[in-house]
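One chain, subunit A, links the two complexes that follow: it is found with subunit B in the first and with subunit C in the second.
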Partner chain A sequence: MEAVINDYISRELVQDASLLPLENTTQLLETGILDSLSLLRLVIFVQEQFGIVVDDLDLVPEHFASVDDICSYLRSVSGGKAGQASARG
Partner chain B sequence: MAEAGAKAGLWLRRAEGFAYWSVIAPVAACLPGRLAYRAATLRGDLNHWLWPHKRSEIVRDLRQVLGDEVSQEEAERLARDLFRYRSCEIMDLMRARGSARSLRKLVEIQGIEHLEAALAGGKGAILCTGHFGSHQNGFSVLNASGYPVTTIGRWDWKYDTTVSPAERRFWTLAFSRRVVRHRRRPHLEPWPGRFQVAVQAAAALRENEFVTICSDAGPLAADQPRSLELPFLGQKARMLPGVVSIAKLTGAPVLMVFIHRSADYRHQTLEISPPVSMQGDTETAFERVVAAIDAAIQRNPASWNLWFENDVLARLGLVPATPPAETADELQQSTR
Partner chain C sequence: MAYLLQQLLTDSAARAPERPAVAVGERSLSYHELDRLSNQVARALVAQGVAPGDRVGILAPKSAAAVVAVYGALKAGACYVPLDPKSPAPRLTAIMADSGIAVVLADQATAGQAVGLADSVPQLRAVVVTGPHWGRAAAAGPESEPGPRDPVVVPWDAVLAEPDEAVADGQAIDADLAYILYTSGSTGTPKGVMISHRASLTFVEWAASCTGLTEQDRVCSPAPLHFDLSVFDVFASCQATACMAVVPEMTAMFPARLAQWIERDRISVWYSVPSVLTMLVTYGNLRGFDLSGLRTIIFAGEVFPAKHLNGLMAELPHARFLNWYGPTETNVCTWYEVPAGTTGLTAPVPIGRACANTDAFAVTDAGGRVSKPGDEGELYVRGSGLMRGYWGDPAKTGRMLVGNPFQSAHDELAYRTGDLVTLDDEGNFVFLGRRDGMVKTRGYRVELGEVETALYGHPAVREAVVLPVPDELLGSRLRAFISAEGELTREEVLDHCRRRLPAYMVPDVVEFCAALPRTSTGKIDRALLAGT
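Right, the complex of A and B next:
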């Protein structure tokens, strides 16, 4: 899952090439990679890729601070579902 | 001496504003429409007279942006109308109490079929406007008429560190409480660091609701890199194309909405357009949105509330950076 999310953010959301290659621990909000609209794109991607609908109440910085945090959050809401979807590719 | 006079004028305006918001307008709103809006226009004239600095700033900006086609006399007439419209908008807000019945009967809605078509499409719709006319109250009318509305927008006084907690409390009670009563969800307030706004807007659209947005807000410094420079009011202005980005990501149609006040000041027409084409890249699509706002302002310049906000005009790039106001308080007041 980390690889899929990292790849999407690196390809679609990172504007500043100096931030690439993206580490899974890179702070996405502090570096400006994620803003309101890019988060919407990411949430739509996650929904399409893993079938996970992100609840409004879960839109807190701790869940989207880094690729690792995003994956931890997605695992927590989906159980094994996201991991299986990721494995299917 | 001049400074003392300016200070006295400022306190007089503040007292008058407090009295109008908290007593006069709520009471007058219970009168028949003809009397209520007569009181509002008289208050607008009083405010116009009490605020010479703002009056001359508006006239200067009108002529600077709209050019020679607006004579000095015409600009002064537009400035007076701006003051009257602002007072009438407060009256609209007061008449939106309860189910907004007393406001609804004064507002004719044109283009309701476009809202119905959007609902049938199942992706909600983005209702886009400018800071034009009584737009907040127009959206309240739609919500009270059964079309669930949520607004993307921020009230600057909530973030202005020079506004005291008491003033904030006052504006919450006098203004925002009355607006949010007619919204399906809490306001979605874009602000640096508040990254969830677009996702929350998309969630409302997913529920087949309506999301409103003003696309003519001057971008904050943090947003400048995302802004686009587009033709607007005969000049180039910097604006944020968020409406197009959300529409493209969610598939929701964008309908332009403008509310026009009639010559009697009390009747209004809320015009809803067919969907704006989102074909082409973001800039091309956003140009169509901005052109619609431009056309509404050209049709009725006195309805554009941003003539009151010199600092926002500067952020848009329409006028030079904000000159110093009479006092810091004057700047604060200009947001209301």
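Right, the complex of A and C next:
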């Protein structure tokens, strides 16, 4: 799952090439990789890729601070399902 | 009576020195403090040789420090030029070179970035750090010792050592330039829209009156300084001695956090592009918060999809909803108030009627006046809210500021908006579309030609066309069609664009074709590509 999300963010959302390659611990908010627009694209990607719905109240900085944080959040809402999807994709 | 923007501040500081002028979370600057700090910034600028009429760059996100910088620059008699810290360096240096910026105001975190720009902007001689910092830590600067050609850096401590008495206004008049806002240019370079004190005050005075701003109001717009929506919260709040509240960037990104912040910070007047409001109504869990204090919501910059406006009005039935319209060149020139209790809108709301002291009229292709529903024509605007022209480009200015076709008795200029409109049954203007290759994405203007020029800058691009794809949330997404020589990947194209263009101008979709289709006259067939 980390690889799928890291790959998506690296390909689609990183504006500043000096931030690549992206670590799973890289701070996505402090570095400005995620802004209001790219965050929304990421949420839509994650929902489609892993077949889950990100609840309004889960859309908070703690869950999107890094690739690792995104994955722990996703596992907490739908571990088994997300794991399968990532194995496929 | 204020005829210069900075006089709004000195008047408010004299009237209500202890009222909060700018609030960032728990902290705030009073009108007295803002007045004094901006006097010190003005003196620091003058000490660096800034003279009336000079352009001073402001490289900072919206913050208390940025507001101090704005008023400091104006009090020094300068015209400020907002520089987006998130823009790629080549775009920033192009703007600085075009407008002849020799002194930049930066905050703690952007000072290093400003110094770094000196390599490509030889005339940059000083970077003055503005404050207060309020938790914005200094970014790691370059390790090397400053070179002989590096600009002087004036730290905030040195600014605070300046006397805090006002600098004399000198011979400034209301026709002098207050700021230059750079927008996308169709020929590949951004163009600078020159706004005078008079033009800005025409908007500010109307806006404060239209919204009924008072000392009790807390006003917020998330728009950055380089976007003309920021003129409202930075200056209209000051005109009314209201408080301008700055939303933390991290909060603005997360809709439910933003709704919570609006509740806790007791925001009473909100001004943004529709896409921010769409996110708020879609993901903001608005029912979970008490937003009864939010009395007025203003949106501008692009069309608000009816579905989401319906949703927002249902969630906030007590609020006034205002649609403000106007290109940067005219400030806001028309407005429409959505009638209270409106439900079930099926089409975007009108752009309405002209603001006070502004006239808007539409001219048909045959040269007549649009006077009834069904007529279509291009919207023209006349009045003291118009720009002075494009910086350093009299030819472009002459094409856009033209003689009023309905005034034969004497010379008078009107601005051609390039927007096609019609009238509804109530006499409101209704926006139909654009005449040219300009699209809106998240309220930002994007000239497709500027994106195409950037693409052509890649050595492997033989032909390139950029087309808009309508998108409910963003306004438009950008789709690039490229025919390449040799190997070229989508990633290479995007990387190339990201180094040259702001994020909102980077294509969302890149498609490769062996050759771009042609019309019978040999032009690239945009209509055919748009249908694919």
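Criterion: the second predicted complex is superposed on the first by the 89 of 89 C-alpha atoms of A that agree within 3 Å, B and C clash if a C-alpha of one lies under 4 Å from a C-alpha of the other, contacts with A are read in each partner's own complex, and residues count from 1 in each chain.
Quick note on the criterion: contacts are C-beta pairs under 8 Å (C-beta built on N, C-alpha and C of every residue); 3 or more make two chains touch, one makes a residue touch a chain.
As the structure is a prediction and not an experimental result, all values here were calculated from the model.
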Contacts of A:56 with subunit B and subunit C, given as first, second, both or neither: both
Partner chain(s) touched by A:34 [first = subunit B, second = subunit C, both, neither]: both
Partner chain in contact with A:77 - subunit B first, subunit C second, else both or neither: neither
Subunit B versus subunit C as contact partner of A:11, first or second or both or neither: second
Which superposed partner A:19 touches (first subunit B, second subunit C, both, neither): neither
Subunit A residues contacted in one complex by subunit B, in the other by subunit C: 29, 34-37, 39-40, 56, 59-61
Subunit B-facing residues of subunit A, complex: 29, 34-37, 39-41, 43-44, 54, 56, 59-61, 64
Contact footprint of subunit C on subunit A as seen in their complex: 11, 15-17, 29, 32, 34-37, 39-40, 56-57, 59-61
Sites on subunit C touched by subunit A in the complex: 86, 250, 252-257, 276, 279, 283-285, 288, 442, 473-474, 491, 495, 498-499, 503-504, 506
Interface residues, subunit B side, partner subunit A - complex: 190, 193-203, 226, 242, 245-246, 249
